[in-house]
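Structures are listed in the sections that come next.
Paired with chain B in one complex and with chain C in the other, chain A is shared by the two complexes that follow.
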Partner chain A sequence: MTATLTPAPSAAATQRRKGPWLTQRRRRQLVGLALVSPALLVVLVFFLIPLGMTFWMSLHDWPLLGEHSWVGLDNYRQAVQDQTWIDSVIFTLKYTVFITPLLFVAALALAVLINRPGRPARVFQTIFFLPVVIGFAAAAYLWLYLAQPGLGPLTDLAVHLGLGTRESNWFATSTSALVTVVLMVVWKMTGMQMILLLSGLQSIPVELTEAARIDGAGPWQSFRHVTLPLLRPTLALVLVFSVAGSLLAFDQFFIMTSGGPSNTTITAVYQIYRTSFINFDLGYGAALSALLMVVLAAVSALQMLLLRKTDHS
Partner chain B sequence: MAAAAAAAIALVGLAGCGGGDDNSSSASDEPVGEATLWARDSQKGFINLLADSYNKSHEGKIKVSVVPAASFVQKFGTAAASGSGPDIASIDLVYLPYFASKGVLDDLTPVLDELEWKDDLSQAHKDLAVYEGKTYALPFTAEASVTFYNKGLFEKAGLDPSAPPTTYDEMLEAARAIKKLGEGHYGFVMAGQCGGCNIFEFAPHVWASGGEVLSEDGRTASFDSPEVTAALEFYRTMWEEGLMAPSSKTDNGSTQGGTFQSGKVGMVNLGAFFVQTLAADEKIDFGVTPIVGQNGGTASFAGGDEIAVTAGAKNKAVAYDFVKWSTGDEAQTLLAENSIVPVRTDLVETVYGPDDERYKVLGESMSTGRTPYSVVENEIINDNNGPWATMINKAVFGGGDIAAAQAEAQKAAQAIIDAG
Partner chain C sequence: MNTLLDVRRTLPRAAWWAACLSVSVIVLYPLWIMLSQSLKSTSEATRNPPTLYPHDLSPDNYQALGNTGAVGIWTHVGNSLFVAFGATFLTIVLATLAGYGFAKMRFVGSGLLFFLILATFMIPFQAIITPLFSILHTLGLNNTLIGLVLVYTTFQLPFGIFLMRNSFAALPASIEEAALIDGCGYLSAMIRVMLPVAVPGLISTALFTFFTSWNEFFAALVLITDEAKFTLPVTLTVLASNQLGALNWGIMQAGVAVTAIPCIVLYLVLQRYYVAGLVAGAVK
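Coming up: the complex of A and B.
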């Protein structure tokens, strides 16, 4: 498809010389093509070509340095039997199932709370949104320090609240490490989802909720039967963003737990990173990336499906 | 001193011209123009000073690029593979066998042979730079692992601060005494989730006890040796008796220093860079002593950097000239003044912290230090989730069978070595 794009300008030139054959309709098509071609070029160079190369590499034994050789589907065969990879996929799913509802409920609650006119609501909106503007890695380091046994202020807080002792190390078990990371991500990402949901809420005409109230619906009923259904396109968008983001989780675990204790918090992307850049096995890393991409494509397909349904209703 | 340095410059300059003839065409040219040098951000403190000093006294110019330490190997590997790498690179010596085996470095054997001080350069560095009989890098900076101990806490706990422990049992006794000082006090701290830290900090216990973690040629792992078992049992005892700070189990290397700096931890195994940190901090009266073996004996990991010319270097003449100069008196003295252990055993005593007993321990540790040789070092040792780190994490903190953790790691490490 993209191959037809590159010669577009020269084709346009030829057409122009022929004059009479260049109909108004064709001219518009060519101008359209010329206008989108920069964007298509970017997609080609930064997405399609790397994508093709990833797939090509996944069919090879491809070390970072040195010769590469064709191995066909061997990397994929290895992946389905690779226990470390399977464990990392299971952990990623566990993390996604754990964090998605937490994030979503927190974000929706905040969005409903700040969905009102007036300065105070805007002030809180800003406060809730603040963590979003911190980089993910910076936020992870911040929390790593906050939760550090013996050093971090969270330990102090926990001691005062009777939730732990100075000896407690929240990164020491697989579950508590996961909980600590999840808390960080909720703190970091809720604001983003809140803003998206807020824009969805604000697009619902006030008349509808008013009408519901006149018909005798309580606040919960009008939320359940009016607001939520009308919010569906936004909900689908937010959920898919959230799930895709969680499936691609890497920095938070890389920085905060280093995959520990005893390699129990290694996510799929973390495993791809290890394969490619610690073991220097780019071919196998590419195969794992391709597998992960299939899952992400499935999630995106689900998004399309959910959005289309709302259009019909 | 100044005269010696001037003489060294003249010497290096001469050697640079004379030696160039029998090397590749570009190397035989006059060392003029610009050569690029890649170093890690952890070397920021001195690398520009060094380049400035060279640029002032030479026709050729060195341009430094600083690359984040955590991604240096990947970045350099990728750049070298695509031919967009630098002319010169300062590389952590443990990665030398890997890069040399992949053909991205230039053969520096003739350059090394020309050096007058060839025999005075750190042996560990020289060994690591050899692949199939050829030398691919020159020693550049040194680093050695030692035990730091808090003299104030030793005194409070009724221990003699001038007689640090010399065996596992003595370390245990000292750790127990410090633990008794009260809540929040610990005898020891380590980075239990860090592979690179533990080859530096933990492996010397094994070597000091007469054991090995890898064979000399790097073809056989010995993670299951009895000396490794003894060292793991020693650490597990410290953990189970609560003598180790709780962060030890999960630290990936980012907090162990800070934990010792809190002033409530008796001992930690770290390197020369930490002397600088503690001295600047001025809070802790600390001592430095070699890392001990089970029943005595001492050992150290000889770390640091080597400086290499890349196979695809565009300005080899300046690159050769600079790497030679960087092992010379002037450059090594400049390093020592910036608290970097020099790689010249003949200079250590005179230029590296000559007035401080603590620097002396480090200098000696560097001279006798060891470094495992492996082309797959990154995978089996430095990977925080690799066989070495996983074995230590499971055996020390896991509570399961130590022998089983060792056997599992041994199998995994040997499989990686055999796969090459």
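Coming up: the complex of A and C.
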């Protein structure tokens, strides 16, 4: 690594030849490198090497135990014809398309609601954010109970409201299972997006909306024509976060539906999990991971682009 | 005329309170169910239709947690504490050192390396879980809590380094120079002079790592196979499957409460840092 340090300009170099090699500047650079290297080592071993290995493994038949053999692009050829994989991708997209607008509208509404000075608004902000700090696993098991047929308080509530009978099982059909999971995720994640949108709202100078009001705009008009356009970078950011998160969904389906009924709620990550750690077909699992990674890298590249834009505005 | 004005002034205020209170009820209702269900007696917990609050308060479910599964809940609490504190400590140390190096002691290639570390943001560990499993196997760290600590640290580092670099970069170079002139070495200048100013960034980094490691489910499920080493979120799967026949939802919710309540308490105490860090990490 020291080899990459810049050679000093030649005038300085001749002077240095007489002096010690370890100049103040060099010492500082070396200390800098030493400070950074433990973090680099960890990232190298547990991120960069696995990243490279994903692609390497995806070109092999790689069982957990026993010899692995080179198969070229066979795993990828298999993936494009694998109906279970295609179904899981379609289901993941369906979930993403379903949940993104719901989360977004709910979060924007809450952000606008609590975007006002005073203690009550801050207390409500704290309450609305509360489900975010609970883990996905805990939240999923909590909602699994809430939605149990007969026993669950939520199904009980639905019976009282005439929305179902005591015997109706929300996990019995693919659609109602998806709706139940989506309700849980909206409960858990709205607060997260709300906080991000709120910080966007609060960065808009009050003078601008006031000016719009003075010019005769109603509250809705000033929101529509002044607030929303200025909020655009934050909106874009929140959307990208939300989409990337939804594409990686696993916990909620693993816990609440176990992929059922009849494997209709298997997400992409869930299918990778089943391939690698239930069937122990690590090579094929790596190929599926590589495909997922391409999509995620595209979403994240978009995110970086948006981040850069917000930086300059 | 006066009454009309009064109505115009108070109606939006009343509507705001009504809206906020209804949302609060929706948000808090599941948490209430978690608590009340966990405090019901065994017979009441399985009643159909369910009761809204525990008619006879009982600690039975929490006591039962102690001898459910192979090792009882306290081992799992210990595992979770070890993993969460381990990852938090390691992340803080590595992120502080690296953040300082990237902010104040630039060397050739440091910009590129910083970008490389930030690239970890772009690819979540779910996507590279298969080779991670193999590498931990090769290193002999599969099925160990240390392995889990290292994996969590890796994926919290980019955010931590990013926050710490920004905290240090915001400080003027003159402070450090003064410390160096006063005879401090580089490290003691960093620890004694710069670090105290960077404490808010440090707390945000620590909180995020703690919450993420405490709650993480997927990696813990894949990388730990020995039930005695399960962290709390994975332990919930044992609670859900271990009892033969009917599931005991009282014990289940007691497990959920043990997993969730530490996070809620920590958040309520330190929410200022949590929200500030979240916003700084996302928007900047």
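We take it that the second predicted complex is superposed on the first by the 260 of 313 C-alpha atoms of A that agree within 3 Å, B and C clash if a C-alpha of one lies under 4 Å from a C-alpha of the other, contacts with A are read in each partner's own complex, and residues count from 1 in each chain.
Just so we're on the same page, a contact is a pair of C-beta atoms (placed from the backbone, for glycine too) under 8 Å apart; a residue touches a chain by one contact, two chains touch by 3 or more.
Note that the coordinates shown come from a computational prediction; the quantities given were computed from them, not determined experimentally.
Novice: Just chain B (first), just chain C (second), both, or neither: which does A:Ile266 touch?
Specialist: A:Ile266 sits against chain B, while chain C stays out of touch.
Novice: Identify the partner contact of A:Ile278: answer first if only chain B is touched, second if only chain C is, both if each is, neither if none is.
Specialist: first
Novice: Looking at A:Leu305, would you say it contacts chain B, chain C, both, or neither? Reply first, second, both or neither.
Specialist: In the superposition, A:Leu305 contacts neither chain B nor chain C.
Novice: Check whether chain B or chain C contacts more residues of chain A in the superposed model.
Specialist: After superposing on chain A, more of chain A is contacted by C.
Novice: After lining up the shared chain so the two structures overlap, which partner does A:Arg166 touch, if you call chain B first and chain C second: first, second, both or neither?
Specialist: Touch partners of A:Arg166: chain B and chain C.
Novice: Could you look at A:Trp143 and tell me whether it touches chain B, chain C, both or neither (first, second, both, neither)?
Specialist: Second partner only.
Novice: For A:Leu65 in the superposed arrangement: first (chain B), second (chain C), both or neither?
Specialist: So A:Leu65 only meets chain B here.
Novice: Applying the document's definition of touch, where does A:Leu151 land relative to chain B and chain C: first, second, both, or neither?
Specialist: both
Novice: After the superposition on A, what does A:Ile114 contact: first (chain B), second (chain C), both or neither?
Specialist: A:Ile114 contacts chain C only, not chain B.
Novice: A:Phe128 contacts which: chain B (first), chain C (second), both, neither?
Specialist: second
Novice: Once the two structures are fitted together, what part of chain A is touched by chain B and by chain C alike?
Specialist: Of chain A, residues 144, 148, 150-151, 166, 277 contact chain B in one complex and chain C in the other.
Novice: Okay, in this complex, where on chain A does chain C touch?
Specialist: Touching chain C: residues 4-6, 28-36, 38-40, 42-43, 45-51, 53-54, 57, 110, 113-114, 120, 124, 126-131, 133-139, 141-146, 148, 150-153, 156, 159, 166, 187, 191-192, 195-196, 199-200, 234, 237, 241, 244, 248, 250-251, 254-255, 269, 272-273, 276-277, 282, 285-286, 289, 292-293, 296-297, 300-301, 303-304, 310-311 of chain A.
Novice: Which bits of chain C are touching chain A when the two form their complex?
Specialist: Interface residues on chain C, with respect to chain A: 16-17, 19-20, 23-24, 26-28, 30-31, 33-34, 37, 46, 48-50, 52, 93-95, 97-98, 100-102, 104-110, 113, 116-117, 120-124, 126-135, 150-151, 153-155, 157-158, 161, 186, 211, 214-218, 221-222, 233-234, 236-237, 240, 249, 252-253, 255-256, 259-260, 263-264, 266-268, 271, 274-275, 278-279, 282-284.
Novice: Which residues of chain A touch chain B in the complex?
Specialist: 64-66, 144, 148-151, 166-169, 171-172, 177, 257-263, 266, 274, 277-280
Novice: What residues of chain B sit close enough to touch chain A in their complex?
Specialist: The contact residues of chain B facing chain A are 71, 73-74, 77-78, 80-81, 99, 102-104, 183-184, 193-194, 242, 245-247, 249-250, 252, 254-255, 258-259, 262, 264, 378-379, 382-386, 390, 393-394, 397-398, 416.
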